[in-house]
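Chain naming follows the written order as A, B, C and D, and within any one chain the residues start at number 1.
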Amino acid sequence: MAGNSFGQLFRITTFGESHGAAIGVIIDGCPPDVSIDLEFIQAELDKRKPGQSRITTQRKESDTAQILSGVFEGKSTGTPLAMIIPNEDQRSKDYDHNKDIFRPSHADYTYEAKYGIRDYRGGGRSSARETAARVAAGAVAKLFLKQKGIEIFGHVSSAGTIDAPDLNATDLTKLLEIRESNIVRCADPAAAGEMIELIDSIRKQGDTIGGKISCIIRNCPAGLGEPVFDKLHADLGKAMLSINAVHGFEYGSGFTGSEMKGSEHNDIFKPADAGNPVTTLTNFSGGIQGGISNGMDITFRVAFKPVATIMQSQQTIDKEGNAAEIKGKGRHDPCVVPRAVAIVEAMAALVIADHLLRQEAYK
Amino acid sequence: MAGNSFGQLFRITTFGESHGAAIGVIIDGCPPDVSIDLEFIQAELDKRKPGQSRITTQRKESDTAQILSGVFEGKSTGTPLAMIIPNEDQRSKDYDHNKDIFRPSHADYTYEAKYGIRDYRGGGRSSARETAARVAAGAVAKLFLKQKGIEIFGHVSSAGTIDAPDLNATDLTKLLEIRESNIVRCADPAAAGEMIELIDSIRKQGDTIGGKISCIIRNCPAGLGEPVFDKLHADLGKAMLSINAVHGFEYGSGFTGSEMKGSEHNDIFKPADAGNPVTTLTNFSGGIQGGISNGMDITFRVAFKPVATIMQSQQTIDKEGNAAEIKGKGRHDPCVVPRAVAIVEAMAALVIADHLLRQEAYK
Amino acid sequence: MAGNSFGQLFRITTFGESHGAAIGVIIDGCPPDVSIDLEFIQAELDKRKPGQSRITTQRKESDTAQILSGVFEGKSTGTPLAMIIPNEDQRSKDYDHNKDIFRPSHADYTYEAKYGIRDYRGGGRSSARETAARVAAGAVAKLFLKQKGIEIFGHVSSAGTIDAPDLNATDLTKLLEIRESNIVRCADPAAAGEMIELIDSIRKQGDTIGGKISCIIRNCPAGLGEPVFDKLHADLGKAMLSINAVHGFEYGSGFTGSEMKGSEHNDIFKPADAGNPVTTLTNFSGGIQGGISNGMDITFRVAFKPVATIMQSQQTIDKEGNAAEIKGKGRHDPCVVPRAVAIVEAMAALVIADHLLRQEAYK
Amino acid sequence: MAGNSFGQLFRITTFGESHGAAIGVIIDGCPPDVSIDLEFIQAELDKRKPGQSRITTQRKESDTAQILSGVFEGKSTGTPLAMIIPNEDQRSKDYDHNKDIFRPSHADYTYEAKYGIRDYRGGGRSSARETAARVAAGAVAKLFLKQKGIEIFGHVSSAGTIDAPDLNATDLTKLLEIRESNIVRCADPAAAGEMIELIDSIRKQGDTIGGKISCIIRNCPAGLGEPVFDKLHADLGKAMLSINAVHGFEYGSGFTGSEMKGSEHNDIFKPADAGNPVTTLTNFSGGIQGGISNGMDITFRVAFKPVATIMQSQQTIDKEGNAAEIKGKGRHDPCVVPRAVAIVEAMAALVIADHLLRQEAYK
């Protein structure tokens, strides 16, 4: 119950600090006979890895995943699938100044309060590096979902106050292409340009900025999600809120929906026609009703706060509670959302894979 | 794993449908020697019960909790504390028209898709009646937290587009008094008046409206929350998103925070003075850093969609997929937020009680 | 994690003390569309209830189960199935003498050490009365397993030093008839006679005696059980060891098998013939290999210590640690095994139902 | 729920096959500030490793554990402690003959039935090699328990039909010395001699033999164990039964106790004298009453079947169900108990560490 596991039947447990030997993950509950494509896993990791562009941290780590178990002749065997990602670019001395000081809006103070002991190098376990293990595991979940025809697509829908317009989401493959053609990972080219400009300027100020990621899950069968506490959107929400720097989650109509009337908000069912599944005229429900998927696109949005490490002087305190001054060193992201798209998709894949198996059990 | 349990160490399991014999809850993990004040539990339930005012459903149920086990001579014994709330006002015939029809934006279609069988009376397990069990359990959690000095305060901060101004939250007891002095449960009297007017007018239209609840947890010790997946705000988020009709959750700076710069958003630590705990000058972190409480007020906000049952005709489909028409019968809430304040507080209490015990284990 | 739940996907949570309002159970994870036959559930409870014959306790309780939720028109709905059994014959004054004294080999001292508070009436939560909730839940599991053709049969194979000979277990229905035709529930009529005589004589001495129950699970499909910690026999073992008074568990060849050679102990596979499943010539494996069922009969044996409450004077200590004397009052069983057969079968049914669902999830 | 995790608060998850890159374990929930002595961990592994003496398998693997995370400057940090043990001596070709054949009383047939796919090299996940990960994790648990003064001692009490006499267990340190002075790990030197002779002779026949391990847990505080399903002995039983080849578990009086009378079996409390904890005159309860430790020595016994791989020809079947013949190749143990002592102790340590934390949470 120490909180390093996620999921019930497709269950992952992650380990590792920023500056230890390696980080990694065990997937317990990957069904047998899933084709495990290591190149695909690596490609997913590459979307999260540091040093990909001028608007991400300049740290260089190859983030190469190795599979230690659970795969035989290219297929999952049903036994635990363990992966490790060795840590490489460990300039531990970059962090010596953190030993006795609490960085503002970081986890230094709270880890000390919780454990009384703290691996201060690079944030230790609170480092966003931990999310690489999630991306590797999420890639395996995606390989499983692919067999079921389920697609997951996320993109940067806001950077600071710059919002992308609502997407025409008919063709996710095409949107993915557009998204990957720009370094901010926004599927609207015009907005992408503005976002990059903003982040560039913020970076030059030694400052950081927040943003939002929107996500669509397509072809999810109706019936996933448990009715009371483990509602599908509650598990998606927890998954997203567990990602470093996330401060908000909404699905379907979200916060805006709270300002609407029932007569506007209700999603009217369309009478079925030959062989087609039931659909609704609108999708304010975000594909989930009563906590259970209804077969429509599942849509949600995730808000990220600005990165706490800034290249400016800040007042703070040391371990004795005395006033101190701190200035960010090292190499940090001016805005996390371009790299976080891969994490959001990975967590979404893990939730859906888990609920697919949970629903299988009772059918 | 069928999703009717919540929490790890302070763990509840709920049961019951809208129109069965009773609903209820087992609390497994209430520590021994907590004073169990049945009157307090009942007072909490009364804040959620139907029929309290003209802006709630006119259904009448006394929602009387009975304790079946786990209490001896007024104290918890450490063994499972079971409570039941008998169902009373069951006009099952009000729901006969739902047997073969799927109400828009309800859980009828998805339950049918999930289980292939459905207790259609009053929404069955998807009925918000289930939340009474949460309120009863949450009241026990509050009794436990009271011993630790922890306070929880929620109120209606928005109804539709009417927003209460930010509260001066120095004195939660006083705010509670104001909140309970008006039927919409908003701690700002002026806004409360406008909200009641809006809901009255919506009700007369046979329509419904959404809203938001804001919540503060005070005196939570630093160190609660687990670092990776079970971050304190991730568990709070899941708790809130599991409440019927919730479409969004944010904590601290929330969605707005995603538009801020790091230099504005970072919460600067105040040098300690004699005997006082560490505090921060601002609280955009909402009392949680790296997923772990830092001793400041924990603040979050929850968005509720409008109630799906409206007293207007709507197009829909029947079980065979044919077009049909439906008009809400029965007695329903024009806006859920006044009654939902008790549910939000209860779920918050359950999360904090659980994480308190989890932290105790490792100290 | 307070230990009142059992199972993962077919999961039960029990509550209740000997002398509270009621005991009961929530089954979370009963699949939808199982026919819930209340008469069958009651018949199972009747096999465990007190007062059935001269060799059981003379306490009289009807142990009548009521279903509160999860069943609609005679079928399970997939939502939590809650049952309560009201407590009736509560002569609490019979237990006043236990308030300040620790009975030898009871749980009085350890509950006090654990909780610092204790409902001393009738053993409180440590009372074997709690097992009635298991039998009710196990009966539901049996109804589910019946749909899959799986049979479970237990009987008293030893009382004290009197052992029944090995059964010819070709026809479980016939053995069940024999078992139910005698009050000790042994499927060998001659041994049954001797056992009854022994228990009668022990009872007259104001003493008690232990015994053993043997159990067969038939038609369990191959493939159930998880390979490492949740081996099928490990979960059966935990289930049995969790029953009051159980001191030992063995499956297949058990303790005797540890004295055998590999060349004697290996179960040789029989070449398949038309349409028949694979079988083995012997079954020292007890139907389980590598923790996973192989389709053969699953066989195990459970050892019960003698009941601790005897009608003789015994030295003991009081809460202050002073010497004291105690003599059992009330009405107690001279030997638990005749009533425990129903409990052993119920726990076996719960384990198999759970593992069936777990295997379904990954298929 | 795929069964590769054990424990609730001190929780381990293991991974790895006999012939993959590595096996390993994540400990999630090791409290912070435990001194992690890698030499001690290695010494524990050395007691389990193959090739230690002429009566174990002649396979040579150094079984060297590496710590990947969760330790900083020699202390646990409270975050996941991951260890891997690379696989070395992989003569995969030794197992090519197993590809299409089911070895008698192995897990080949059942894994195939369960997963439809199987890593046949060296038994894959069903290999006892998996237990090395348990021993490494158990060593960490022992380091934690050592801080609390809790000792765990196991030894081989039977090999085949040769039983060691009951030990005088006053001084566990001395018994440990005796145990480690002979290759069969029996704390009675005379019995040890006979056992070694027996195993030698069995090995020469190309056969194998079973055995038993007895274990004592000393200085466990009263109050550990949860009252209903997670009784301390139920969790110990499950832990032991999850070890490869175990067919039986008993604690305290065990199977023999079922033949005793209550008047003989009850453990009479001794009136307390100055400052000493409560004790009992006898210990048929094996240190556990009502599922909760009472402060006396916890005692239990574990029965292992003979190793299934024998160096003799046996009839069996292939994947198509045709008759086949098989003869063990490779290097195997004639008797597992000498190497299994370390595993039994490790699993015991994991159970006690977990229940210590569980009890801490509610105090």
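Just so we're on the same page, a residue touches a chain if its C-beta (ideal position, glycine included) is under 8 Å from a C-beta of that chain, and two chains touch if they have at least 3 such contacts.
Since the model is a prediction, treat every value here as computed from it, not as a measurement.
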Return the chain pair with more inter-chain C-beta contacts, choosing between A-D and C-D. C-D
Repeat of interface B-C, chosen from A-D, B-D or A-C - more than half of residue-number contact pairs shared: A-D
Which chain has its C-alpha centroid farthest away from the centroid of chain C? A
Chain B and chain D, separation of their C-alpha mean positions in angstrom: 46
Taking each chain's centre as the mean of its CA atoms, how far is chain C from chain D in angstrom? 26
Using mean CA coordinates as chain centres, what's the chain A-chain D distance in Å? 39
Two or more partner chains touched - positions in chain A: 1-5, 8-9, 14, 29, 32, 78-79, 114, 125, 227, 358, 361-362
Under the definition above, what is the set of chain B residues touching chain D in their complex? 1, 9, 29, 31-32, 78-79, 227, 357-358, 360-363
Interface residues, chain B side, partner chain A - complex: 1-6, 8-9, 14, 102, 104-107, 109-111, 113-114, 125-126, 130, 158, 160-161, 202, 207-212, 222-231, 233-235, 237-238, 241-242, 244, 247-255, 257-272, 278, 280, 284-286, 288-295, 303-310, 312, 314-317, 321-323, 358-359, 361-362
Spell out the residues on chain B that touch chain C in their complex, using ranges where they run on. 1-5, 8-9, 11, 13-17, 20-24, 26, 28-29, 32-33, 66-70, 72, 75, 77-82, 84, 114-119, 124-125
